[in-house]
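Mind looking over this structure? Questions follow.
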Amino acid sequence: MNWIVDDTWIVIIGALTAIACALPGCFLVLRGMSMMGDAISHAVLPGLAIAFLVTGTRASFTMFIGAAVVGVLTAVFTQWITNLGKVDRGASMGIVFTTLFALGLLLIVQAADYVDLDPGCVLYGNIEWTTFDVSFEFNWGSTLVFVPRAAIILGSVALLNLCITVFFFKELKISAFDPELATTQGINAQLMHYLLMTQVAITTVAAFEVVGSIIVIAMLVTPAATAHLLTDRLHWMLVISAIIGASAAGIGHVLAIVVPPLIGFESTTTSGMMAVTTGLLFIVAWLFAPNYGWLSRILSRKDVENPFSGPLPTD
Amino acid sequence: MVSGLHNTGLDWPSIEALLNVLLLENSTTAKVVISTTVLGLASGLVGCFLLLRKRSLMGDALSHACLPGIGLAFIVMTQFMGLEGKNLSGLLLGATITGIIGVVLVMMIRNTSRIKDDAAMGIVLSVFFGLGTVVLTLVQQSPGYSAAGLESFIYGKTASITQQDADMIQAVAAVVFLCSVLLFKEFKLLCFDEGFSRSQGWPVNGLDVILLALVTLVTVVGLQAVGLILIIAFLITPAAAARFWTNDLTVMVILSAIIGSISGWLGATLSALLPRLPAGAVIVLVAAMIFMFSMFFGSARGVVRRWLSMYKLKRKIGRQHLLRAVFEIQEALCLEQSKDPANVAVPFKTLLNHRSWTPKRVRQLLRQADHEDHIDLIDGDNVRLSESGFGEAARITRNHRLWEIFLITHADIAASHVDRDADSVEHVLSPDMVRELEEKLDMLGIPESPHYIAQAARGGPA
Amino acid sequence: MPDLAYHNKPSATPPLREDDHSPRAPLSIHDLTVAYHRKPVLWDIDLDIPEGKLVGIIGPNGAGKSTLIKACLDLVPKASGLVQVYGQPYKRQRSVVGYVPQRESVDWDFPVSALDVVTMGLYRDIGWFKVVRRKHKDIARAALDRVGISHLAERQISQLSGGQQQRVFLARALAQDASLYFMDEPFAAVDAATERAIVTLLKDLQSQGKTTLVVHHDLATVTQYFDYVILLNMRVVAAGPTEEVFTAENLHRTYGGKLTLLAEAGHALSQIKRG
């Protein structure tokens, strides 16, 4: 294996994506809205197309705004159909994101002569190439250090999510746990819902522009679910999911380099491999987690604590 | 605004072309239109059960889980079996296998851990899709791969459906149709009450697997036709739309199949007639429009219908409150002044104080009651029940008092709470129920309402 | 096929295990333990329910009342223990057992009518692949009539009141024509009229020699409704005829330090003395 500076950067970018995703991801998993990341990442297509058609540029900031707005709209429409039509939330999510995706495809095809948007690129992304897009360089001692744009973008998103999670920790916690209780406590649960959705939309859009959407969907749900198997405390869940996501990024990149030669191929996509690695880590936790693992459940069935082993309370 | 679209414009098809497509004269178009119609029918059927099982997004997880199967099947066929990599049945078999593995994993994660359905689906979806991209990148490096390859599974390539695809879709539709009919009652019970179904000895997990296997079949053949994302819509949207029109599962399933077919047919037809309309996207948009229309105008659960009935109920409650208030005030006044109750005028202010109404609300209610000829507006400040209004008001008041007494004597509800409860309950009372109550209360010797009221209630104005 | 054995009505086969449990008891539970994550919900339950009793399962919230029923019906995994229905495992006796789940356990928006739901109780008899016939609907209609809502048969279930929904569930169990019934909180959030109707029905079942187990938590009505009680708090505190078992001391042991409930128990006991 030939490890170069670029590889380090790829792992760092992957880890930053993981951290940025893990924080809102935990709340998504706890609220039972894990599919939202997937829905948003598909639904933003018309946002990208319209932003491009309106401004005529592929400047990333306009595209970013267009996509993020449509991302939040996905959540709004979903909520709207759920409440107004009394449709199951999963179903309304499915209807909204497929419709938006179809609309996006239609727009792109209609304007194919003018728009050079490859929907495939949106989904796959290309974390391997992120290191060619350098934001700035500086001299550190005698070595020249370059900082890829992707690292800056994802670093900022991770920081943003970290700040939101820290500042609104108890509000997010209580509205995830019990929206009605939150409302009686004077916390606008609806607002917290949309704050979270905005977070997911921004993260999804920022991340897939640089690293592709598969990695975002994987990093939003899988590390959070893994952490949920390992701890009962929300703050630990946040920390553990960030660590698991970051480790998956590192391991995934190594696997992407190491595995293909073993079976006679050159190399494969790093973001796909990172997603697969989150899955592998989940399986480990699913089977062997100390309290909630499959194995421990099997064992515990035979090994029930006797609640009456101490003296019985008599009054 | 959209500079690009002006120039493209839409070239309207000639009548000839229109007839050509509508009458399915061109065999390629016919294949496409028939395939999407049949696919819509099958997915509409199976989508209903998926929706009612609250597993709509399973189609999402599933379609993504098919991707690695396609790539792996390609590798296995080219590397190990020396077959042509584009052997469709091979690819679809691969997709079916990983699809089913994905579904089974979702169920296993849900059943054996604290992770819930949605997260389990999210995990399977993203990890399998990641694996899919890994495998597809590998495939691209393999010798037998040609550019017009496997991506079509992601976005679909409706326009180039082959005879083989069409046959496969029809076979799958037949299987889905047969299973939905044969297992209709089993699926119904599974979706409605899993616990009861299990306690009755039905193999709940087995039925779930059959249902999801049907979804897998539809998804796999649909991948090729409309693509990985849009097949999800086919599974969800027609069923959700059908739900607005009926409260009967049988009707819902039939409607959903019809809506699915219409979307498939119309979408494919439009796409064949007009340039630059990718069939998959148009089909989804047609289905989405049908959904929106159903959501608002559906005859069973549509928004407009619900709003109307809520508005009617509100109006009815307001009217009853007003009439009872005027009646009670008139009653009190005539007891004080011992006048003929029909001739007592009720001052607006007294009415306003009687309940927590705003002046605006009272005026609105009075206008409404005047319109219905229940209230006479004597002058600006006084009102009185009209002749027909008096009878109606007496009936409502008696009805209300019956409830009050019923609540006091029958249920252990504190007397102080009765008024509030009665206010909300009486509006849902049917005339039959009132009669039943009257009998019960008469038997118990409940005191009649004061003098003439009872007479008024029974025989019109006193 | 759902296992073939269901055609056998309760047979006189001797019990699988020879011990002091009565072989023909409608329900006998041996050493039942149910646990969730090592924490037991039910601990060493050992019970024999005599035939023809109307049994109340009483205990504080979280005492495992519903879990007891679900464990008997194989709806939750047992950590250990054996449940027998008329001397045989539940799996072979499904046709003689009727189950009324908690009302909240299903989605009442589901597109079916009251009659459809009641017919579901007959699906086992109808069997795989076969359609519901006229005679099945007639049985279902008769069951709805017994709970007094046959006029609502065609109504969609979301348009029924809570009490009426509960009656639909009861009718579904009645349609099964079982001899042992499990009912999970049938009195929860129903109107007074429905509660009275259910009680009448329960007594009626009892007079036909059927055995019914009811999860119940209104202590005030226990003595009026049930002639046999199981006081449950993770384990069986006491079980037996109401007049012997439903005592201040036993209630105290069941409810522990929960004072509000004790006050309720006191009220209940004052009623016993009065009655």
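Per-chain residue numbering starts at 1, and chain names A, B and C are given in the order in which the chains are listed.
The criterion applied here is as follows: a contact is a pair of C-beta atoms (placed from the backbone, for glycine too) under 8 Å apart; a residue touches a chain by one contact, two chains touch by 3 or more.
These numbers were taken from a predicted model, which means no experiment stands behind them.
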item	value
Between the pairs B-C and A-C, the one where more C-beta pairs touch	B-C
Chain at maximum distance from subunit C, centres defined as averaged CA atoms	A
Inter-centroid spacing, subunit B versus subunit A (mean Cα positions, whole Å)	30
Whole-Å gap separating subunit B and subunit C, where each centre is the average of the chain's CA atoms	33
Chain centre separation (subunit A, subunit C; CA means) in Å	46
Numbers and ranges of subunit B residues touching at least 2 other chains	54, 243
Residues of subunit A touching at least two other chains	86, 292, 297
Residue numbers of subunit C (touch at least two other chains)	none
Subunit A-facing residues of subunit B, complex	1-5, 8, 51, 54-57, 59-60, 109, 112-123, 125-127, 129-134, 137-138, 141-142, 151, 154-155, 229-230, 232-233, 235-237, 239-240, 243-244, 276-278, 280-285, 288, 291, 295, 301, 303
Subunit A-facing residues of subunit C, complex	33, 35, 37-40, 43, 77, 79-80, 109, 234-235, 252, 256-257
Contact footprint of subunit C on subunit B as seen in their complex	52, 54, 182-186, 188-189, 191-193, 195-196, 198-203, 243, 246-249, 252, 410-412
In the complex with subunit C, residue positions of subunit A that touch it	86, 291-292, 297, 300-308, 313, 315
Parts of subunit A lying in touch with subunit B, wherever the complex brings them together	29, 32-35, 37-38, 42, 50, 53-54, 56, 81, 84-88, 90-95, 98-99, 101-103, 105-106, 109-115, 119-120, 123-124, 214-215, 217-218, 220-222, 224-225, 228-229, 256, 260, 265-269, 271-276, 278-279, 282, 286, 292-294, 297
